[in-house]
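What follows is a pair of complexes built around chain A, which joins chain B in one and chain C in the other.
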Partner chain A sequence: MDKKNTPLSKLFLLIIFLILYAPIFFLIFYSFNSGGNMNHFKGFTLDWYKELFHDSRLLIIVLNTVLVALLSSLIACIVGTFGALGIHSIRKKRPKNALLALNNVLIVSSDVVVGASFLILFTLAGIKLGMGSVLLSHIAFSIPIVVLMVLPKLQEMSPSLIDAARDLGASRWNVVTKVIFPYITPGVFAGFFMALTYSLDDFAVTFFVTGNGFSTLSVEIYSLARRGISLNINALSALMFLVTMLLVVVYYFISQRNKSSRLGVKK
Partner chain B sequence: MTNTIIEFKNVTKQYDNDSPVLDHVSFEIERGKFYTLLGPSGCGKTTILRLIAGFTEASVGDIYFDGKKMNDVPANKRQVNTVFQDYALFPHLNVFENVAFGLRIKKLKESVIKQKVQEALTFVNLAGYENREIREMSGGQRQRVAIARAIVNEPEVILLDEPLSALDLKLRTEMQYELRELQRRLGITFIFVTHDQEEALAMSDEIFVLNRGKIQQSGTPIDIYDEPINRFVADFIGESNIVEGRMIEDYLVEFVGGRFECVDQGLNPNEAVEIVIRPEDLEITTKERGKLKVKVDSQLFRGVHYEISCYDEDQNEWLVHSTKKANVGDEIGLYFDPEAIHVMRFGESEADFDRRLEAYDHGDAHEQ
Partner chain C sequence: MNNKVTRNLYLLPYVLWIVLFVIAPIILVLYYSFFDVDGNFSFINYKTFFTPVYLQMTFSSFWYAFLITVMSLLVAYPTAYLLTKTKHKQLWLLLIIVPSWINLLLKAYAFIGIFGQQGFANAFLEAVGIGKQEILFTDFSFIFVSVYIFIPFMILPIFNSLNELNPTLLDAANDLGASKWTSFRRVIFPLTIDGVKAGCQVVFIPSLSLFMLTRLIAGNRVITLGTAIEQHFLVTRDWGMGATIAVFLIIIMVLIMTITGSRKKGV
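Presenting the complex of A and B:
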């Protein structure tokens, strides 16, 4: 099975990646265009970026987006981890599978449906649309993701670890904090990052539940694009792309460090 | 002061409406001895261990620890520690922290923890491995970390759940010696669970043989090997030749068409019994001198001895362990001493069985 990659297969891979990344690089390329449109490149400029940083409204939106993402992922992480613990502790197969299925349905169901139903719920419950409603809905759609990332770690953990901890005198709470949490931490982190990315780039759900005066980046870009093409959007998208890449790199290093630190001395 | 540390009184464990895993089990465990719970998988031996540790609760019956009822004492409040089959070492902690786990829960001083962990690790020959990660330890070393983690808490009883089953044969034999030695040095009670009868015979002061949720027989390894109470025990412990017979009168038993002198007495005349003769008690001799005439069917070389399978005229199989070789197809004689015959009554309780054996000893003393 140790076949060498032929030049043709390498070329194929190259073309695929070019096609996938071309639109993004095209967009970034024109964010440096002094021409003001995407038809032809006139000259290099950073004006669009300058304009972006002078637009305080946009900066507030960026802050809002990040805040909502961090808060919602954090809360979803806590709720989701306990949810996974709960599902894991169920002995009987049928209710366990039923709960898991309910969890998974939330992940696969269409964002539009989720968004619309949240809108109806918030309106019925009398919750004012704005940051609160966006935060609530983001927490809600992040929880199933966290559950799904944490559960495999719990399942891979030998049940005798818990017995062993009890045997050595640990109370139930000690067992959770000293044995279970350290064991599932990688899963919780993965869940947090997943929730973060889902929240950062969610458009559909947010679009439904965001009121006047509150907006997130994806919703803002959408409304900017509807008003007409401005290279502002390009600059903003380029920055977002950069941040995403940074996140990926950071995540990579964290996971690398986790692996290597197990080899060395650790307290 | 009584020497009993753990006592089971009529303990039954049953899940839902299945047949009970443990069926009215009663026994006592004394301080400072090495006990083995021996039986095939599903016999209830691990359930007994889990009941003592407190991981599961008895459906019926009481469990006493040091004279106090401990049915409702949670696992973390019991003075027993367990060595698990998969060792159950915490993968996110290194060797030192694994051993220190119980001490940290007790919130002991850092200096005390350090000293105790060092002592425990030295005890199991792992000094210098404190900073190793569990992943870097071999199977035998993990085993020892698990033991150190148990003994560092200075429990009165250590429970071992088939701790040697994951090791290879050579290491397993080594660890048998080490465990036995460790128990002697510590002087605390070990309760060891295994399905390996050789392991049980080699290590224990006392063996409980279990089957289908009941204790079949308890006693020293020699008692159990030499005087099995029933067909199950005879079959499970060591190799056995078991045939049906009839007790004609005291000291005379009939089986496979012959009458033989034996040392058993006190049974009803003409009572149906089962006869056990261990393969190593059968001696190959000529057809004329043998008490049994058999034909050699097959032969295996086992290293220390040959295992020879023979059949008599009634097609009963006779297994012989002999250092001498036999020829397949030969007709040979088998000789055995009267003491080699062990007579088992059907459905005899352990108490009756013990009483009967005791009567023999008195009988012998009387004759002398």
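Presenting the complex of A and C:
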């Protein structure tokens, strides 16, 4: 496939890119509109941003969302990494595959089913719907993502590295902290960022288990959008786009580093 | 290497997670599906599910999901193919993925503005001479927005499998006198079928349950299985019926997974 793209195919790609980005830039563009709607651009204003920063309720929701995302990704990272280590150390094929299949259930299930089943679970367990239930469910659906990001790293690690460490007198704990962890760190970081974006993005599961008092950004945007257009949301989306771009750049560098380290340490 | 005790220690929180958040919810959903609104054990929910109302809904839900999947595939395959021929393909791919990291609800909200009565799309249609149309709250808007949201998820696996394709195979096909179309039909497509399957899986299952889009974009005109589950759990509080629909969604999911093969690629 060394042929270059023809002008026609370049045009096709251009149109696809335009369609993919137009709605986002459309939102950001109208966030500066003093007219108050998304139809007619009246004049430039930063009022919506000012209003956004004075809306203390919304700011609390943003903080809650970030807090839930960070906490859930962190906890999911710990449980998931140890889970991946455990799965990796299982020799027999059948229990290993069974665990892997169970691991993927939450990833492939549709959000609504996950949300509904968690709602039943929390209600039966007597857990009050609110931050606790949202945090628990975010941890729950982030764990398999972390496992999936860490496992390939463990699989590509040559077992002779561990044997060498043991031969040189490393204790079992030393092997884990000095050999395995440094090797799988890029995978753990990638898992953390994936979990972070899933948590920040999640709407359906959160919507089911959020209850009345607690709200995350997605749920808040949904209830605002159901009431119709308000340019506050546009201003918010512009800010969220910036944050997303930042995350993308961080993620890009992590994945680049992953690649270079793979080149560095050959089996 | 790791002995059994440490391995079990690693696995303990992970297995606890599997039991609590993977196995228990599935069992609970199944359990609740056997209870009617008043909490009595019955098969009434299953009877209700097989009435024309629900069968019709299941059918239309499938039909929409099918349309969304096919449209995404039709857009995504050429895009992925052309992407593999660009110079900085990883960068372009990243740029395709970025919109998928923007909160789904913000994108839906953008389309409320674009497709609205006075919106951009109508202004465009009027300028071209077609005149104003009712775009928002139609089947078209629902499918368009869904396809828009799913395109990146479809492109990614297809791009990966096209990228792994050995270019010498194409040269061979070419040398043996295959036309462009023949080499696509006989070589490229069969060798990238795994990517297509993975993409379809990633699009089809979630699109059965896009209740937020049906609410925001389709104005309750489109009722999918996901909408019905949300309705039963959060509005009418008929958990039994909601759980029954969830059971069927789970069954459908398992069927799709077995049909498209269990090969999975990350999103």
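What we mean here is this: the second predicted complex is superposed on the first by the 251 of 267 C-alpha atoms of A that agree within 3 Å, B and C clash if a C-alpha of one lies under 4 Å from a C-alpha of the other, contacts with A are read in each partner's own complex, and residues count from 1 in each chain.
Basically, contacts are C-beta pairs under 8 Å (C-beta built on N, C-alpha and C of every residue); 3 or more make two chains touch, one makes a residue touch a chain.
Note that the structure is a prediction, hence the values are computed from the model and not measured.
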- prompt: Is A:96 contacted by the first partner chain B, the second partner chain C, both or neither?
  reply: neither
Message: I'd like to know which partner A:158 touches here: chain B for first, chain C for second, both or neither.
response: first
Query: In this superposed model, does chain C or chain B come into contact with more residues of chain A?
result: C
Field: Contacts of A:222 with chain B and chain C, given as first, second, both or neither
entry: second
- request: In the overlay, answer first, second, both or neither for which of chain B and chain C A:171 touches.
  value: first
Message: A:12 in the overlay: touching chain B, chain C, both, or neither? Say first, second, both or neither.
response: second
Touching both chain B and chain C, residues of chain A: 166
Task: Please give the residue numbers of chain C that touch chain A in the complex, ascending.
output: 1-3, 6-8, 10-11, 13-15, 17-18, 20-26, 28-29, 32, 75, 78-79, 82-86, 92, 94-96, 98-99, 101-114, 116, 118-120, 123, 148, 151-152, 165, 167, 170, 201, 205-206, 208-209, 211-212, 215-216, 225-226, 229-230, 233-234, 239, 242-243, 246, 249-250, 253, 257, 262, 264, 266
Message: Can you tell me which positions in chain A touch chain B when the two form their complex?
response: 158, 160-161, 163-171, 174, 178-179, 182-183, 262-263, 265-267
Field: Contact set on chain B toward chain A in their complex
entry: 53-55, 74-77, 80-82, 84-86, 88-94, 97, 101-102, 105-106, 131, 133, 135-136, 149, 153
Field: In the complex with chain C, residue positions of chain A that touch it
entry: 1-5, 9, 12-13, 16-17, 19-21, 23-24, 26-27, 30, 37-40, 78-80, 82-83, 85-87, 89-90, 99, 101-106, 108-114, 116-121, 124, 137, 140, 143, 147-149, 159, 162, 166, 172, 197, 200-201, 203-204, 207-208, 217-218, 221-222, 225-226, 228-229, 233, 236-237, 240-241, 244-245, 247-248, 252
